[in-house]
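Per-chain residue numbering starts at 1, and chain names A, B, C and D are given in the order in which the chains are listed.
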Amino acid sequence: DRPFTVAGRTFNSRLIIGTGKYKSYAQNAEALAASGAEIITVALRRVNLSDSSQPMLVDHIDPKKVTFLPNTAGCFTGEDAVRTLRLAREAGGWNLVKLEVLSDPKHLYPEMEETLRATKLLIEDGFDVMVYCSDDPVYARKLEDAGACAIMPLGAPIGSGLGIQNPVNIRLIIEAAKVPVIVDAGVGTASDATIAMELGCDGVLMNTAIAEAKDPVRMARAMKHAVIAGRESYLAGRMAKKRYADPSSPLAGLI
Amino acid sequence: DRPFTVAGRTFNSRLIIGTGKYKSYAQNAEALAASGAEIITVALRRVNLSDSSQPMLVDHIDPKKVTFLPNTAGCFTGEDAVRTLRLAREAGGWNLVKLEVLSDPKHLYPEMEETLRATKLLIEDGFDVMVYCSDDPVYARKLEDAGACAIMPLGAPIGSGLGIQNPVNIRLIIEAAKVPVIVDAGVGTASDATIAMELGCDGVLMNTAIAEAKDPVRMARAMKHAVIAGRESYLAGRMAKKRYADPSSPLAGLI
Amino acid sequence: DRPFTVAGRTFNSRLIIGTGKYKSYAQNAEALAASGAEIITVALRRVNLSDSSQPMLVDHIDPKKVTFLPNTAGCFTGEDAVRTLRLAREAGGWNLVKLEVLSDPKHLYPEMEETLRATKLLIEDGFDVMVYCSDDPVYARKLEDAGACAIMPLGAPIGSGLGIQNPVNIRLIIEAAKVPVIVDAGVGTASDATIAMELGCDGVLMNTAIAEAKDPVRMARAMKHAVIAGRESYLAGRMAKKRYADPSSPLAGLI
Amino acid sequence: DRPFTVAGRTFNSRLIIGTGKYKSYAQNAEALAASGAEIITVALRRVNLSDSSQPMLVDHIDPKKVTFLPNTAGCFTGEDAVRTLRLAREAGGWNLVKLEVLSDPKHLYPEMEETLRATKLLIEDGFDVMVYCSDDPVYARKLEDAGACAIMPLGAPIGSGLGIQNPVNIRLIIEAAKVPVIVDAGVGTASDATIAMELGCDGVLMNTAIAEAKDPVRMARAMKHAVIAGRESYLAGRMAKKRYADPSSPLAGLI
């Protein structure tokens, strides 16, 4: 396998996990260890990174050992997102970031016009920008042309656990992309992650699927294996499906 | 996790692989090692177990280290199957066996009346019988009542790689069974195995999915992780799916 | 289109509806009219056919205009089923019947050994027997060999509304059958019926999908169109699916 | 049912068909009659509307009886599309139009930034604009806010026949829209149309599914019934699905 490289950094694990909805930072850290992930994404608006009078993530997960990927969850305009990431860079020196510009709280889909605009602003400003986006192949291409270092299409609404809804779009994005494609949002169970990787994705990001499992640490371990399984399966090249239709019957091609 | 136990024998791996369609016994052995499987099923009618003037499976895979599971692939009557297994027991001492009694070569589905009859004959004769069967929950119950030590419903036609066609039936079989349930036939890719395990199966048996992958050894490794991922995911308990339907709209419950 | 003929009787409509779970016989009759069905199946153990002190089905639906198809719903042994149908023949002269021999009340799947046995008894006794059965192509063949005049595999558990779970099996049954194949059980909504017919079924039988819709009469009308749509679509021969995979990429054939 | 009204015009049929890929205008006219459609969409760049030395569509389909809906298929910029529709209005007086601004010829997905821009230009210019768009609910809302008189999300790539890939997105668009939502592109067979309508769409537009069926006229008739079936089924309100999971088992909610 070729290494998984984003913005010049190379990782062994193709799984990225989050920091929301865990019972505690301690549980989050335990899940991280079980998952084997080397990148953890941190919602700048929700995670305590600086107030040492309160529990802090960094007391449990060491940013020298794990790549922190700040994200702009909760931002609904490009300006908000850009401001949030600039503050984070000043405070923590983070340059590799994940951009999210959301639209309607009902489904938390990305606002793609704003997302593209903010991507351009951040790249001008020197950031390496991984971008949460819709699964529209046309916009994925625009983000790459604008300089995004990773394309992160949603598989289904954030927090829905519905699995990849549109494998055709994910595949079209992968076929056209020269930067890593990481499915972000929608994974609900291990097989969803395996399916994402079998489509040829470079990685998978998930939060709720682990944090809201009955046993989050065990599910984190499941996801570690699921991502490896999907990657290896993709590289191995699956057998052809056989249809058992009599080619001379009107049923041929029906199924 | 509770151990995976069949007929009193306990295994760490929940994956069973086959011995058909490999380029050579050497490749088969390499795939076995990559898969982590501890049981290998051997078609008594196709695999050379005794003619030392020809390449022999046992020169590559050591029956002292790996459990050989003789099967009756290619048998179309109960008598055939019973005779084949008796000869094998006399020759090799194998008592734990996998019964297959096939019907039409077009789809290789089991002949369930003959299968049940042969199961009873073999059990009377002292065998521990794992049984390849349709996914009919009624017949699965009959096989268990007759004394089968494992129920092995097909997920899809042998060699089709179509994945599990009827998860409802597999689930009904699992809910009712007190002996292990092992999906046998139909797996085509890693996510199919993960899905089978997420349904609560105790194990998965596959042959073509590994042997006919472009890189069989790599696919064997994928399957090792896929089975672990599915088992851990099942035990961890997945998050609830969220539907995003407005409960007051006529769409609620549609999807 | 060739006519839809069962046991020598020819029908214009390929939809068969039931008599259970309606609010009243009047509503049942209205749904029948909206559905365009010419056959209605009648559970001999549940429908009042003879006690004129109570509401009677025949006061609302005229057996001279609509073919009554007596069925053995609620019978759990072959003897029960045979006795029930003999009584019905003596009382009403019905010779064309639908056999159901059920197993576990949890899923109401047919008991196939008993079903096959009862089929043979009824045929010896001069009945024309349409048979509710599992979707096992091997048993479908046995029923046809025994003289069944229609094969009626389930699409999903009775009353589940889950739609056809295993199109591969339904297709295998259709390809092998010389008598009509009618999907019986599992349809939940109009598109399920269309899909059944697109597979090449000769007809569809449903009860709950209509009777438990919010507006049963309207759903009956939907089903009329759904069955015609599926039949015409099957006969018209659908366009080929296009996959958009770059044939030179490792994704080809993945989706 | 409430009437199907677009830009103040009311129609009985909720099916819109196209004018591409037919063997002849005569066959197109025959398919139109069989389909019951009252709107036919006409690719201004491909269909001969004015050169009377060649076969003309209007010799076969009377624009006084059928609503012609000019579309901009083949336009890859907003300017192209706007210019094309202005010329058409001058020539034929058409004010109700369907806008398509495409991106990559590989998948023919809409270019949504250009599409939104062109929508605004056309509305300023007095057109009633129905808009072919991606299934992104955020963009669907923008188009409606800009004044589009119908939102026409794709179900799958044009000409693919893959059926609706993302019912979640189509449903989110429908729940939020106050103008008609018409699935445009992706239907391959009758059940695909039924499914689209069961989601609550106001209508379906298709071309290849009819024109490339083996028997286009018969498939047109199938589609007429499929759309009615789906609409009636949606209005009738389907039965609840039943899952048969033992609620006390770890399988509950898995399927």
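Quick note on the criterion: a residue touches a chain if its C-beta (ideal position, glycine included) is under 8 Å from a C-beta of that chain, and two chains touch if they have at least 3 such contacts.
What you see is a predicted model; the values in this text were computed from it and never measured.
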item: Subunit C against subunit B, contact positions shared by both copies (same if over half, else different); value: same
item: Chain whose mean Cα position lies farthest from subunit B; value: D
item: Centre-to-centre distance between subunit D and subunit B (centres being mean Cα positions), rounded to whole Å; value: 47
item: Between subunit C and subunit B, distance of the C-alpha-averaged centres to the nearest whole Å; value: 33
item: Approximate Å spacing (C-alpha centroids) for the pair subunit C, subunit D; value: 34
item: Per-residue multi-chain contacts in subunit D, two or more chains; value: 106-107, 157, 160, 162, 167-168, 172, 198, 235, 237-238, 240-241, 244
item: Subunit B residues within the subunit C interface of the complex; value: 103-104, 106-107, 109-113, 134, 136-139, 141, 156-157, 160, 162, 165-169, 172
item: Residues of subunit A defined as touching subunit B within the complex; value: 106-107, 157, 159-162, 188-191, 193-195, 198, 208-209, 212-216, 218-219, 221-226, 228-233, 235-244
